[in-house]
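We just call them A, B and C in the order they show up, numbering each chain from 1.
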Amino acid sequence: MWVYVARRLLLAVPIALGVTVICFGLVFLAPGDPLASLIPGDVSPADLAKMRQLYGFDKPIPVQYALWLGRAVTGDLGVSLQTGRPVLAEVTGAIGNTFVIASGAVLLAFSLAFILGTVAAYHVGRPADRLATAAAVLGVSIPNYWLGIVLIIVFAVKLNILPATGMGSKGSTSFNILDWAQAKYAVLPIITMAMVPLGIIMRTTRSAVAEVLNQDFVQMLRAKGLGPVAILRHSVRNALPQMLAVMGLQLGYLVGGSILIETVFTWPGTGFLLNKAILTRDIPVIQGTILVLALNFVAINLAVDLIQTAVDPRIKRT
Amino acid sequence: MTQTLQTASPAAGPDGQAAARDRGGTAQPMLIANHLKKYFALRSGMLGGRAGEVKAVDDVSFSVRKGETLGIVGESGCGKSTLARLLMHLIPMDEGEMIFDGDPVGTPSGLTLRELRRDLQMVFQDSYSSLNPRLPVQDSIAYGPRVHGMDRISARDLARGMLDKVGLRPDLFGARYPHELSGGQRQRINIARALALSPRMLILDEAVSALDKSVEAQVLNLLRHLKRDFNLTYLFISHDLAVVRHVSDRVLVMYLGQIVEIGPVDAIYDAPRHPYSKALLDSRLALDPGERIDEAPITGDPPNPANPPSGCRFRTRCPFAESVCSTTMPTLGDEGPDAHLVACHMMAPGSGHSRAAGRTGAQPCPVPAL
Amino acid sequence: MSDRGITIADLPDVPENPAALRVRSYWQTVRYRLRYDYVTLFFLAVLALVLMTALLAPELAPFDPTKTSTINRMKPIGYRDFLLGTDELGRDMLSRLLWGGRASLTMGCGPVALATLIGGFLGIVAGFIGGRVNMAIMRIMDVFYAFPSVLLAVAISGILGGGMANGMIALTLVFIPPICRVAESATTQVRNLDFVEAARASGAPALSLILHHVLGNVLAPIFIYASSLVSVSILLASGLSFLGLGVAPPTADWGLMLSTLRAALYVQPLVCALPGAAILIVSLSFNLVSDGLRRAMDVKA
């Protein structure tokens, strides 16, 4: 077990390094001089040459990468061209807001998917199953940025019971989910974001529970005269590790892919930050945000893997 | 290998075909294996460092005479299938050489792999997975000849001819897919596929083991007739001792990647000289209730092949093991193709084993005191 | 026959009546199964219809999709000749939806097709050769896998800048790793089956093995998987356009229309919802058709 943990941790290192290589390489994909895209436009050629030397852009690319990595490890991801603030501060300020809606969405999706999936598994092939499956397909097929707009039309414009966009006046500085005056801003983004994980977790739940229900030991429990509640407990306990793993992965996807929903709701998270940076071609912020989000995704994957190994006795890894 | 595939096709008379392709003469063994070795690396650790190796085939030498059937028996995991794949050159051998009808294989002056594969073919155990599920079976049979340059029409005709030879009507079975056939029919297809290149020798790797007993008997009959018709030489690998006795002229007993005993079938079955052969044969179920034994003649699992015992590999399970067995590895010796050879210190006068004293050679293995 | 000592009578498993034998190839079986899957057939028809309207957009569209009109801005559905209303610049919605289908379908299907070719090739090569080649290819794929798909697409097209070609490059790069993985694992499985060994034993060169024995058996799983990505690709492509990273204005594209129409959200909500509904219908159809294909093609026996 511990050997596996150590091995898995060590395996994550080359992946994380690969991620940094790609993020570093992104700058070179940008049209034009990579240095010019990293610093404000209004500098004299002499200053530019000095900067080139300072940032090591006159050195071979592997050396440049090493220098960049060295700075990134110490938290120096450069400075935003728009605000002049350090990129790391911009990203860390935003990622908390993204986690608020992403974790809210995953929890909502999980609770709904759990019920729908279990019901479907108990009625495989019957109308309840078909309905639940149709809902799941709809969840993964719907363009969620469009759903966001529709929800805004219905709940903010027509019914006027929920705010359309933003985080409220106090929200962006100190968000308190328990305060309804602030929490109501998160309701629509969370519902919108929950659609895709709802579909995916529900499919997983359905197949996992249905599989357990078909196994011999459940047949034996039935033969022993156990009631439906006891059988449900058994089947859910066996399906749970798989569902939790999918849930964890979905959290990673949502945090990393929040750009569309945060743009629709102008929710000041990392996605919104990224979109702003792309529109203004603020390359240091783009690069830094992507690096932080990708490394965060690697870390979540790693955590899910390790937790699943610890929780699920069937997985024996050495 | 100058003649074309067409002249070597089964349509040609078996005698003429044999005469045309026999290069070494009747006394030349069809196949000689010299000191074959195959060690599989065991990898471990996160970087896959070499942690050890499994000696799947360890210094194996034997020969197969023309026209005979050599049976190979042994427990599962003893290296039978690895040996078959080594002989087919499906996996590279670490050491050793193979001589096919007098020509070394894979050397500049000898046979190329491509030439070898026309003369030596193999039938696999799993009749289903050894046929491409997406190809009609006649295309599977025709594939080999096509690879060797036969045109589509001739290959198709040849394949249908082969179907007939293995007792399946071409018009009924040719266009079918593997999943539409029974296990016995599929194994007939596999045999037809192997024979489509008109090989001179066939390796049958557990070819009938997965079949029902009644079907097994039919396929064994078919194999006997094909052997006669096409003048074939068989290497018959099986864990089924009764079947091996039924089909073989000579038998080779393997244990943990090594040959422990080789000799004429009756000599080995009637008077096994290696304790392992004896135990293996005793583990057969007797039909006569009076002869049934209550205790297993051999106990425990084979030792880990990655870490085999020193000296004689069987000593950890051998009732006669003595100190010499752990220090010296017994050798098989080399006394000609017909000899009954055994790798056991008890059978080697002067080996230092207490039971070896005064032995003159051909005596059966002693009965352990129970 | 009797000269070989066996007769047909020895073989009880030969059916007597040849007419009872219906030999069906794999693809015939697939077609047969699809014929009775009405849900899949229905959505297949929907897709065919959408494809036709997109192809025939120049003929079907009543107006020029880029012609603006200040007087006719943000008109409701059914206003005068504008069957589906007009957008924030007074352009006919129906014409734009028809033309937009072209861009959206191209940007949705194109990357998956390209990624299937490239990723499938890489995966089959990695799986067939194995060893170090496999290690090298698959570890690189793992690194791309470490990015959530939306983030990777946005990152690449965001850096490259907008435009349809850049968007398609970004999406292709997003889909190569997962397709490569599926192709690699399918090929590794097939490569170790006895029939490939048997074909190798007959002296076939590697290329012939891949073409005749590996390809036929890995194409179905790759195809099934790729078909399930089309829906994702449509959503992602529209998403990129929505962010201004895909198709450039004034070209019509459903995602881009959704984005520009946000200005008209409070005036004509129904009209604003139209492009999203179009995306939903297409993505839903692709999802259900892909599910149907999976059911029809997952034939073991």
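By definition in this document, contacts are C-beta pairs under 8 Å (C-beta built on N, C-alpha and C of every residue); 3 or more make two chains touch, one makes a residue touch a chain.
The structure displayed is predicted, hence computed values, not measured ones.
Peer 1: Identify the chain whose mean C-alpha position lies nearest to the mean of all protein C-alpha atoms shown.
Peer 2: Closest to the centre of all protein C-alpha atoms: chain C.
Peer 1: Which chain has its C-alpha centre farthest away from the C-alpha centre of chain C?
Peer 2: Between chain C and every other chain, the largest centroid distance is to B.
Peer 1: Determine the centre-to-centre distance between chain A and chain B, using the mean Cα coordinates as centres, and give it in whole Å.
Peer 2: For chain A versus chain B, the centre distance works out to 57 Å.
Peer 1: Centroid of chain A to centroid of chain C, CA atoms only: how many Å?
Peer 2: 24
Peer 1: In whole angstrom, how far does the Cα centroid of chain B sit from the Cα centroid of chain C?
Peer 2: Once rounded, the distance between the two centres reads 49 Å.
Peer 1: Please name which positions on chain C make contact with chain B in the complex.
Peer 2: 1, 4-6, 8, 10-11, 13-15, 18, 21, 23-26, 193-195, 197-205, 208, 212-213, 216-217, 301
Peer 1: For the complex, which residues does chain B have touching chain C?
Peer 2: Within the complex, chain B touches chain C at residues 85, 88, 90, 113-114, 117-118, 121-122, 124-126, 129-136, 140, 143-144, 147-148, 165, 167-169, 171-172, 175-177, 179-180, 182, 184-185, 190, 193-194, 197, 215, 218, 221-222, 225-226, 229.
Peer 1: What part of chain C is in contact with chain A in the complex they form?
Peer 2: 139-140, 142-144, 146-151, 154-156, 158-161, 231, 235, 238-239, 242-245, 255, 258, 262, 265-266, 269, 272-273, 275-277, 279-280, 283-284, 286-288, 291
Peer 1: Using the touch rule from the top, collect the residues of chain A that touch chain C in their complex.
Peer 2: 14-16, 18-19, 21-22, 26-27, 29-31, 137-138, 140-143, 145-147, 149-150, 152-153, 157-158, 252-253, 255-257, 259-260, 263, 274-275, 277-279, 283, 286, 290, 293-294, 297-298, 301
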